[in-house]
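Chain nomenclature is as follows: A, B, C and D, assigned in order of appearance, with residue numbering initiated at 1 for each chain independently.
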C-alpha cells in the first residue's frame, strides 16, 4: 500500500454514518474511496453541492463539477445550493468533518496550508472557513516534505486559522493536538515510536494507549 | 369618490412601468386597483412573493397568501422566496416604492406608524425595514384622525425610521418633505390651500407650482 | 442511515419544558400545525418562541399563547393576537419586538455562524436602545446579534427520507433560515417521498440540516 | 414593459473602461462565457473584477487577465491561473485575497443592504490586517464590509423575458448573490423562455434584479 492510500484509509475510519464531510483537493479526495461499508456519508463540494460522488462516464456535465472544475456525479438525495448557503453550512457548524492537506502543523495544533510567501500564493479559497467552521478538522498529509518534518514547533508559514485542528494523519502516525501538546496516538504498521519522533520537528507526547494504526473499519 | 379611493388613485400615479412595489395593509392595498393602463408593476408581499395579485375564486390556496394570511393570486412571471431574500430586496435598495399608512408625519418628514404606547403595540412587522430600505417611501393616509391633524410639528409617537419619507398623499393634499420643510404641492379637487393649512398641525410651504391633484394617468 | 421519520408523539416528547423554539410560518401559513397541536396535548410549558408573528388566537402558534405555554416571544408582530398583547401587559409573557428583516438576518446569522450583522433598520428609533452602533463610511448601523434556539419546528411541502425539504409559494417564509439555526430540527411535511424524488436544484433545505421528519397528514 | 433581451454587443457596450464587475462562476463553471469573450473583443480595460477565482488562463475570466484588461482582482483563489500570479508579482495587477465564505457574505451584504457582517474566519491570520475586530460574548470576530459593483455578469440556465433566472447544479454558485450586488445586472442564459414558463418556486433570481438578458447561444 502506498503512503497516500494508507493515510486515506486511516482517515476514512473517522467518518460516521450521516456525516456531512468536505474533502480538500489532492490527497484528501482519496478518502472518499475508503468509507467503511454500511456508513452513508454525505460529501459536500464547496462550490455548491452535497451528495457528490465520482464522475460517471457518459454523464459528465458542465454544470456538475467539483471545486476544481472537474466533472463529478450526484447521488440520489443530493442537494445543490449557492455559495452563501454552502459556506453557511461550513461556517455555521453544520459540517461534521473537513479533511485538508497541510504545509505545516505546529505544537499548538495550528495549521498552515495556503501560502508560501514569495513562492506560492494561490489564495486561501475555502480553507480558512473550513478550518474555522467545521465541527472536526482532520489534516491528512505526508509526515515530511523534501526531508523536513511538516510537523514543527511553531508554524513559520501564514496560518490558515487559529483554531486547533482535531487530528493529524500522516504516513507515519496519528497525532491529536491537545491542551498539553501533540499526543502521538498511533504509529503506522511497521513504524516505531522512535522513527516517528526522529522524523518530527515538534515535541510529541506518547499516548499510554499507543496502538498500531487500524486501516479497516 | 370616497376619500380612500381618492388617495389610492393619486398614489397609483406614482408607480411606473417595471417598478417593484410593496403595499402596506389597509388603505395602501387599494392602490393596486388603480395602476395606470400600460404600466406593468410588480407587487411584492413581504412574506415571500413578487408578482402577487388579488385572489381568484376557486384558486385560493393555503400556501399562497399575503402578509395578513389572506388568499392572493400570482401573475405569470411571479417569483417566491424566503424571508431573508424578501427583506434583502427591501433593505438592499431593490424595492422601488413602498406605500404605507401613517399615524403621524412631522416637519422633518419622519413617519410614526407602528405603535401608540400604552394603547396599541402591534409590533413593527416589516415597516421599519420598508421605510429604511425602499428607494421611495410614500405615505398614504387620511389627513386627520378624530379631528386632529396627523401631520404634526414633531412626532410624539415612536418613529418608524429616521429616514425622511418622499411623499405624503392624503384626502386633502400631496405634500413632499424637503430640506426646507413640508412642501404643499397639490390640493385635492375642491379643497383650498387655506383648508389644507387649517387642517395641518405643521408648517407648510406652498409650492409655486401648486396644482390640483390629478387622479388619472 | 438512521431513519429520520418518527411519530408526532416521539418528536414532541423530545422537547423539554422551557425550551427555545424557532417556528416557521407567517400568520400560521407555512407553520407546523400538527406539531403545535401536539405540544399543546403534551403540555410543554415555559417555552421561548421565536417566529415572525403570533398569528391569531386560535391559529398556529397563536394557540400556544392562549394555552399559556409561552414565557417569552421574539417576534416582529403581535397585532393580530390580542392574547399576546394582554399577557404582555399583564407581565405574564415577555415580548421582544424585532423588525421583520432584522429578525430574518439575526436568525440567518445564527444559522450560518456569523457573530452579527450591521443593519440600518431601527437606527434612531426605540429599536436602537441597548445596542451597539457601528459607523461604516460615515453611515450608522445597528449591530444585531445572532439568534439560535434549541429547536426549529418547520412545515414543508415535501420531505424525502434523508430530510431534504421543499416549501410551496409563500409557505416558505422563515422555514429555510430557521432550519439552519435550530440545534434540533423537526420538519412536518405534507408529502413524504423516497430519496431521489426531489431534484437537487429543487431542494430548499438540504437533508443534513434536518434531524427528524413527521408527517403532516394523520395516518 | 421594456424588453430586457438585448444583443451581446449592446450589453457589453454599456460597460465603460475601469468598471467594477462581479462575475458569477466557479472555475468558469456558471460563468458568462460569451460576455467575457465580447468584453475581450470590445477591449474593455482597467477593469476591477470580483469573482471566486480567476479560473485557468484560457478559460472564462482567466482570459481577461491574460489579455491584460484587469487592473484589480478581488477573489479567493488564483492558484490555477499562473498569469494572475505573474502579473501580481510584477505589480501590474492588484490582488485582494478574501476567504471564500467571507467573499460570499461580503457580496451578499452589499446586495441586501447590510453595513457589514462579523465572521470568525481569518481571526488571528493575515486576513485580519487592517480590519476592525468586534467581541461578541467573549468571542472575537472580524468586521467584514460589503462589496458592490457597477455590474454583475451572470450565467443562467433559464431566463424568462421578465428576467427571472434559474441555474443548474454547481453552476449556481455565486450567481444569485451577485445578482443582488451589481448596479446593472446582465444575465447570459442558455434557454430564454416566455413569461410564465418558470414556476415561482423554481425561480432562483427574481426578475426585478435583472436589467438585461442575452442569449448564451449564438443565433
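One rule holds in what follows: contacts are C-beta pairs under 8 Å (C-beta built on N, C-alpha and C of every residue); 3 or more make two chains touch, one makes a residue touch a chain.
Since the structure is predicted, the reported quantities are computational estimates derived from the model, not experimental observations.
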More contacts between chains, A-C or B-C: B-C
Cα-centroid distance, subunit A relative to subunit B, in whole angstrom: 55
Approximate Å spacing (C-alpha centroids) for the pair subunit B, subunit C: 29
Chain centre separation in whole Å, for subunit D relative to subunit B (CA means): 35
Per-residue overlap in subunit B, given as positions that touch at least 2 other chains: 49, 74, 80-81, 84, 87, 90-91, 133
Sequence positions of subunit C contacting 2 or more other chains: 105, 108, 112-114, 119-120, 168-169, 172, 200-201
Interchain pairs in contact, sorted by label: A-C, A-D, B-C, B-D, C-D
Partner subunit A, residues of subunit C touching it in the complex: 1-2, 108, 111-114, 160, 162, 164, 180, 195-196, 200-201, 203, 206-209
Residue ranges of subunit D in contact with subunit C within the complex: 105, 109, 112-120, 134, 136, 139, 141, 143, 145, 166-169, 172, 200-202
Complex contact set, residues of subunit A against subunit C: 17-18, 20, 40, 42, 49-51, 74, 76-81, 84-85, 87-94, 133
Residues of subunit D touching subunit A in the complex: 26-30, 52-53, 55-56, 59, 75-80, 85, 88, 97, 99-105, 108, 119-127, 157, 168-177, 204
Residues of subunit B defined as touching subunit C within the complex: 45-49, 61-69, 72, 74, 80-84, 86-87, 90-91, 120-129, 132-133, 158-162
